[in-house]
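Take a look at the structures below.
Next, two complexes with subunit A in common: one pairs it with subunit B, the other with subunit C.
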Partner chain A sequence: MTARVLLIEDEPNISEAIRFILSRDGCDVTTLADGHAAVAAVRAEKPDLVILDLMLPGLSGLEILNQLRADPATETLPVMMLTAKGQGRDREAAERAGANHFMTKPFSNDDMRAAVRSLTKG
Partner chain B sequence: MPFNILVLSCLAYVIFLFLVAWAAERRADRGRLGWLQSPLIYTLSLSIYCTAWTFYGAVGYAARSGLEFLTIYLGPTIVFIGWWWILRKLVRIGRQQRVTSIADLISSRFGKSNLLGVIVTIIAVVAATPYIALQLQSVTLSFSVFASPTDDGFSPPGTEATAIWVAGGLALFTILFGTRNLDAKEQHHGIVTAIAVEAVVKLVALIAVGIFVVWVMADGPADMIARIDASDIADWNLQPGRWAGLLFAAGAAVICLPRMFQVMVVENADERHLATASWAFPLYLFAMSLFIVPIAVMGLERLPSNANPDMFVLTLPLAEGQGTLAMLAFLGGFSSATSMVIVESIALATMVSNHIVMPVWLRLRPSRAVSGDVRRLVLLSRRISIGVVLGLGYAYYRLSGGSTALAAIGLIAFVGVAQFLPAMVFGIFWRGATRIGAALGMTVGFLVWAYTLFLPSFGPDAVIPAMVFAEGPFGIGWLRPRALFGVATMDPLLHALFWSMTLNTVAFLTGSLLTFPGPVERMQGAAFVRVFDTTSDSPRGWERGLAEPEDLLVMSQRIMGDEDALTFFETEAKGQGKAGYLPDPTPDFMARLERRLAGSVGAATAHAMMSQLAGRATVTVEDLMAVASESAQIMEYSARLESQQEELTRTARALREANEKLMQLSIQKDAFLSQISHELRTPMTSIRAFSEILTEGDLPPEMVANYGRIIQDEAKRLTRLLDDLLDLSVLENGTVQLNLGLSNLSQMIDRALASASHTKPERSFTIDRDLPMENIFIRTDADRLVQVFINLISNARKYCDAQYPELRISVRQKGGRVTIDFIDNGSGIPKESQALIFEKFARLTDQTRAGGAGLGLAICREVMANLGGTITYLPGQGGAAFRVAVPLRLERKAA
Partner chain C sequence: MPSSASNSAASLTGSLIRERRLALGLRQGDVAQAVGISASYLNLIEHNRRKVGADVLGRLAEVLGTEAASLAEGAGGALIDDLRAAAATAPGQQPELDRIEDFAGRFPGWAAVLAAQHHRAAHLERAVGALNDRLTHDPHLSASLHELLSALASVRSTAAILADTEDIEPDWRARFHQNLHQDSERLAVGAEALVAYLDGSDTAVDTGLAAPQEEVEGWLAGRGWHLAELEQAGGLERLEGEVAGLASAAARALARTFLRQAAAEALRLPDSALRRAMEQGESDPWVLAQRAGLPVLGVMRRIALLPDSPAGLVVCDASGTLLFRKPVDGFALPRFGAACPLWPLFAALARPMTPFADHVEPAGRSARRFRTLSICETRLPLGFAGPELREAAMLILPDPGPRSAAPVLALGSSCRICPRNPCPARREPSILAEAEAQ
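And now, the complex of A and B:
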């Protein structure tokens, strides 16, 4: 069964790169660039995994995560956070908010694939 | 003398005066005031007291009534020598309150009441109109005496034609130099200098005629004294009552005449000049009066008995065949008349425009907000008022037929303006004087004056029927105009003076004692009465935070002009320790702004405008209660406390702001590092991901090309960011290398527009430029300056949200600096963000990913600092507005 991934990322080139890598690895990837529409999109799509950028226009990644965790339907949904800031503080905040995995940009494609596989395994 | 030569001489003289006034204005414009502001010029300008009436009329007066004419000179002398502390107080108040006219002074003293301004203006216009007519009459009379019909049958044009030419010419001169600009304080250096020159001309002319009479026509002083003894003039026919009355009237007039107030208070540049004038002006009057009696005696002796004594100064030299001397005398009289008319009409026009036209306009205009160019309106209303004042003078001249003896009209005017005296003198010495009292006193005095002196002067049956003179109105005997309350034995002038001043003062005192001054009145009263008391602060009329600084700025720009207003606001903001153009609306600032505006549009109007913006149309009942319940001492004490507390608050605020700034800097530094990290990692992520994809192989060629191009683009983005950071760091450390050279501003803007337009070509954009102004050469680093322009133009293209975006680029050169304003028609930058935009990574909304990393304006700021200039955000211009200021010639810093 193919894993369905929802990618929320505002930089079009990064979004394209991740979409390509994961599609080749057998995932079904939907992309979204805007923070406001994110929560509604998750509810509608019901993906197996959400990849969430921390700095988004509109609503920040952290706020989106908080909203997802507050909703029983998405409480346990696997979420991977992406950030370009790379500060320890951001990682801690993301983990406290309930992120399942945290990845710093730039990343190696292998790490990305491995993380997605382990998060969508179950 | 042929009429043509006479006209030519007059024209030449007027052109000379034009040049003098023009040269003085030029000097003043360049800030080189120097001798233009000397005590000598000030004293000479006071000599407009000596009008054509004193020049020609004093001799006539002496010929008719003996030594009584001396009162006209003695009155002012007594005031200047004995009462100069009153004058000093008036001048000090005038300077501190930026008073623009006598109407403004009285209105300002009594709580900025415009009713009083209107009353004073009306009285002044009514009293001055015959006086102006008198000047026109004396000029036309001297013309007709001088320009005898020539042999070839040419006769000079009628006197009406002369009068209208003179009136028109004077109106033109006055409008040209009297309303050139709307200065903060109504000072006219050109006119004052021209008047000083005229003062010298009339003194020299009168003394020359006098010397001719004493040493040429008579055989020196001894012979002259013998002739005087033989004539009737020497009979010392002293009437103590009439003398005292005339002394009083002349003394009051020198303070109250609108034109005297104009030169003495409004045009005063330095209070110390008054000390010089207190002896020099009486000396001038003495010199003017020295030869009056000899000329009168000689005229009565030599000239035919039907000759007009008012023209002796002119007809004596003419009869003796002294053409040149007569010409000089003629120019002296011409000078006396013109200088009086010019200053009087400026003073009256200021009053009419500030107290009648502006308030009416304020009330009539449709919206509450201040709109339109008030400056232009004020100037226009002044110009029209000057025309109207001179038109009234001319009309009076035509209607009165020009027959009355000169002295009579002058004295009528003196008594008329003396009605201001109680309100003015009590106003500056007695805090209990009230608006109602002043209005009552002046109205009663004015009516009595009009009824007993002014209207009867037209003669029986002209305005008042002869029957009323004989039996009183409706047969009420004690209301006869010449015998009020049955006092029939008095001289008519003295009768009018006595009753008008007595009733005026009684009404004033009664009104003041029966009414209670309002809060603004009390504050103004304290400020006027205690003007020398430096410890008491200026009156506090404004509460904190009632008006928006931006609204005040918009209003001030309309009245003071853009540049002056911005400079004033910037200085005020700096004084409060704030950057930018918007100071806090503290009571002090509001009071200073109000005084500044009052200099342009008058106190009452300025107060009304500020009140509208501060959201209170009138004084509230609470204000009144608060003031009524406190004694004046408590009020002043609390004012002092308040000022101390305000000082403390200001210090605390400065500390708090400094602290906040430091905190912000620390947060900003963290944020900056985190931002840099983000901005660097983002392109790196794409580059790494795609290059790994490419190395993994197995791709169709078009995807290889596509991904290769993404890698390239992101690498470029990375380079650009690093360049910007490097640039910023170099600029911030001041280690930047500048390539200084002369470049044309217009070409620099061309370059900037060209390179900004191919960055984002998606929208059509109107650019409004001022090419002639741009055509200047600036010594600077052209590439750096163009870099700043490109940034501002691209920002406008990216962020201007108007439907039809427009960018106006305007250039102004002042002193050694050039300012270039970039103003678009979008919604501008919100006030709370204005302070942030020049910070690094301060892109205002993350919604618009416009490409840059948010370093543009920070770089601009650093570039401008390196170019010895500034870049600032201009609030209140409609859209987003940036001002770039550079020195015209940047010199290399000594390393």
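And now, the complex of A and C:
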């Protein structure tokens, strides 16, 4: 079955690269650049995995994660956080909030593919 | 035998004479002969068994190629103060404070080394504080690093796609090439600015990576915190021409606003009038403000901007954000983030038009005291219909003369770099305490 991935990332070039590699790997990828629309998009799309940038315009990745975990419909939805080095404190907060995986920028495409496969299997 | 203060001073002078003579490689007999005293008498002086009169001291100083005062006062004053300060920073040790003058007199070289090490430690402590402050709170550095990492992430992923995907469609290939080009441009600009930033704080100001307020303060510091041109014909225009050279548009705008305000205040209270009043014993900003028809904050700015003024000044708005910082040695002002909540500045902020006069001792190795005058003024730029704006200022003055019996407020710079513990106002642990705990 094709895994549906919702990618929330405001850097268009990163977004394009991730969309390409995951599509080539058999995923159905939808992208979004704005934090405010994220939670509604998750409810509407019902993806198998959310890839969420920590630093987003509008609503931060951490706030979105908190909202997702507070909603019974999405509390167990796999979420991968995209972080950058130097965001240690935010990362700790995201870990406490229930993020399933962290991918640190700049990441390798192989690591990204492997992590998505692992988070969407079964 | 316990030594009295006068004995200490005598022994200091004798020891200093001996140290000086030996440093010059002169024989006791030759020096005695040149001075016109016996060698045995000089020997007694050098071993602190005879007091030396002013006349002999003058001749000794001449022969030893130095000033009589430096032999008489010798290592007193600054060096002794430095040694005391060094002793105060090592609470676990038990230095012989009652023999500090003896030590400085007998071993002036080692005493100077100890004082220099103390200064260096204090300097490094300040540098650690400033760097930590910057890394923790500097939004410019954080944004700059994030920009670089984002561009790098895109380049790495896109380049790998182009390298590893043999059957990539021409449209995608063209798009990724375009993305690579864009990101490499971003990387080049971002890396250049970051290298300049890390190269030193001065260059950070030049490249625009410094906060706009820092740029303006850097410019004022470069002028010795004085704007003599404001009282000269065409001076404001010349200064405006100077600030046009500041790196960022925001800094230029801030500096122009500051200049126009400073010019209006200088017109009301010129340097010469302010100096005259202070020489006549009137330095109270409140009284001077009444006389000059200026807000008190305006007079405080005038005092801080006098040529060679020893006064520091901080100004904040109603949120407590520091809008202006003229630092003063021994009273560290945070470059980013919030200041110590115990500053009288914030007490003043809460009670507009109430004057606060305090004696304060900032945390730090120098243990210096200051007198602060703080006040908050309000403005209604849009009249009754608009918001009330507050601006508070704290003038930081050297504490005059001997320590008074007035209560002294112990305060800090900002929690992160303040060693005071326990402190009822502490917001977060200090890195200094953390370092000690490790």
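Basically, the second predicted complex is superposed on the first by the 119 of 122 C-alpha atoms of A that agree within 3 Å, B and C clash if a C-alpha of one lies under 4 Å from a C-alpha of the other, contacts with A are read in each partner's own complex, and residues count from 1 in each chain.
Criterion: a contact is a pair of C-beta atoms (placed from the backbone, for glycine too) under 8 Å apart; a residue touches a chain by one contact, two chains touch by 3 or more.
These numbers come from a predicted model, not from an experiment.
In the overlay built on the shared chain, the residue A:17 is in contact with subunit B and with subunit C.
In the superposed model, A:84 makes contact with both subunit B and subunit C. Of the two partner chains, neither subunit B nor subunit C is touched by A:72.
In the overlay built on the shared chain, the residue A:105 is in contact with subunit B and with subunit C.
Of the two partner chains placed by superposition, only subunit B is touched by A:58; subunit C is not. Within subunit A, the residues touching subunit B in one complex and subunit C in the other are 11, 13-14, 16-18, 20-21, 55, 84-86, 105-109, 112.
Those residues of subunit A whose C-beta lies close enough to touch subunit C in the complex are 11, 13-14, 16-18, 20-21, 24, 55, 84-86, 105-109, 112.
By the touch criterion stated above, subunit A contacts subunit B in their complex at residues 10-11, 13-14, 16-18, 20-21, 55, 57-58, 84-87, 104-109, 112.
Subunit B contributes residues 674, 677-678, 681-682, 684-690, 692-693, 696, 710, 713-714, 846-847, 849 to its touches with subunit A in the complex. Taken in their complex, subunit C has these residues touching subunit A: 142, 145-146, 149-150, 152-158, 160-161, 164-165, 172, 175-176, 179, 182-183.
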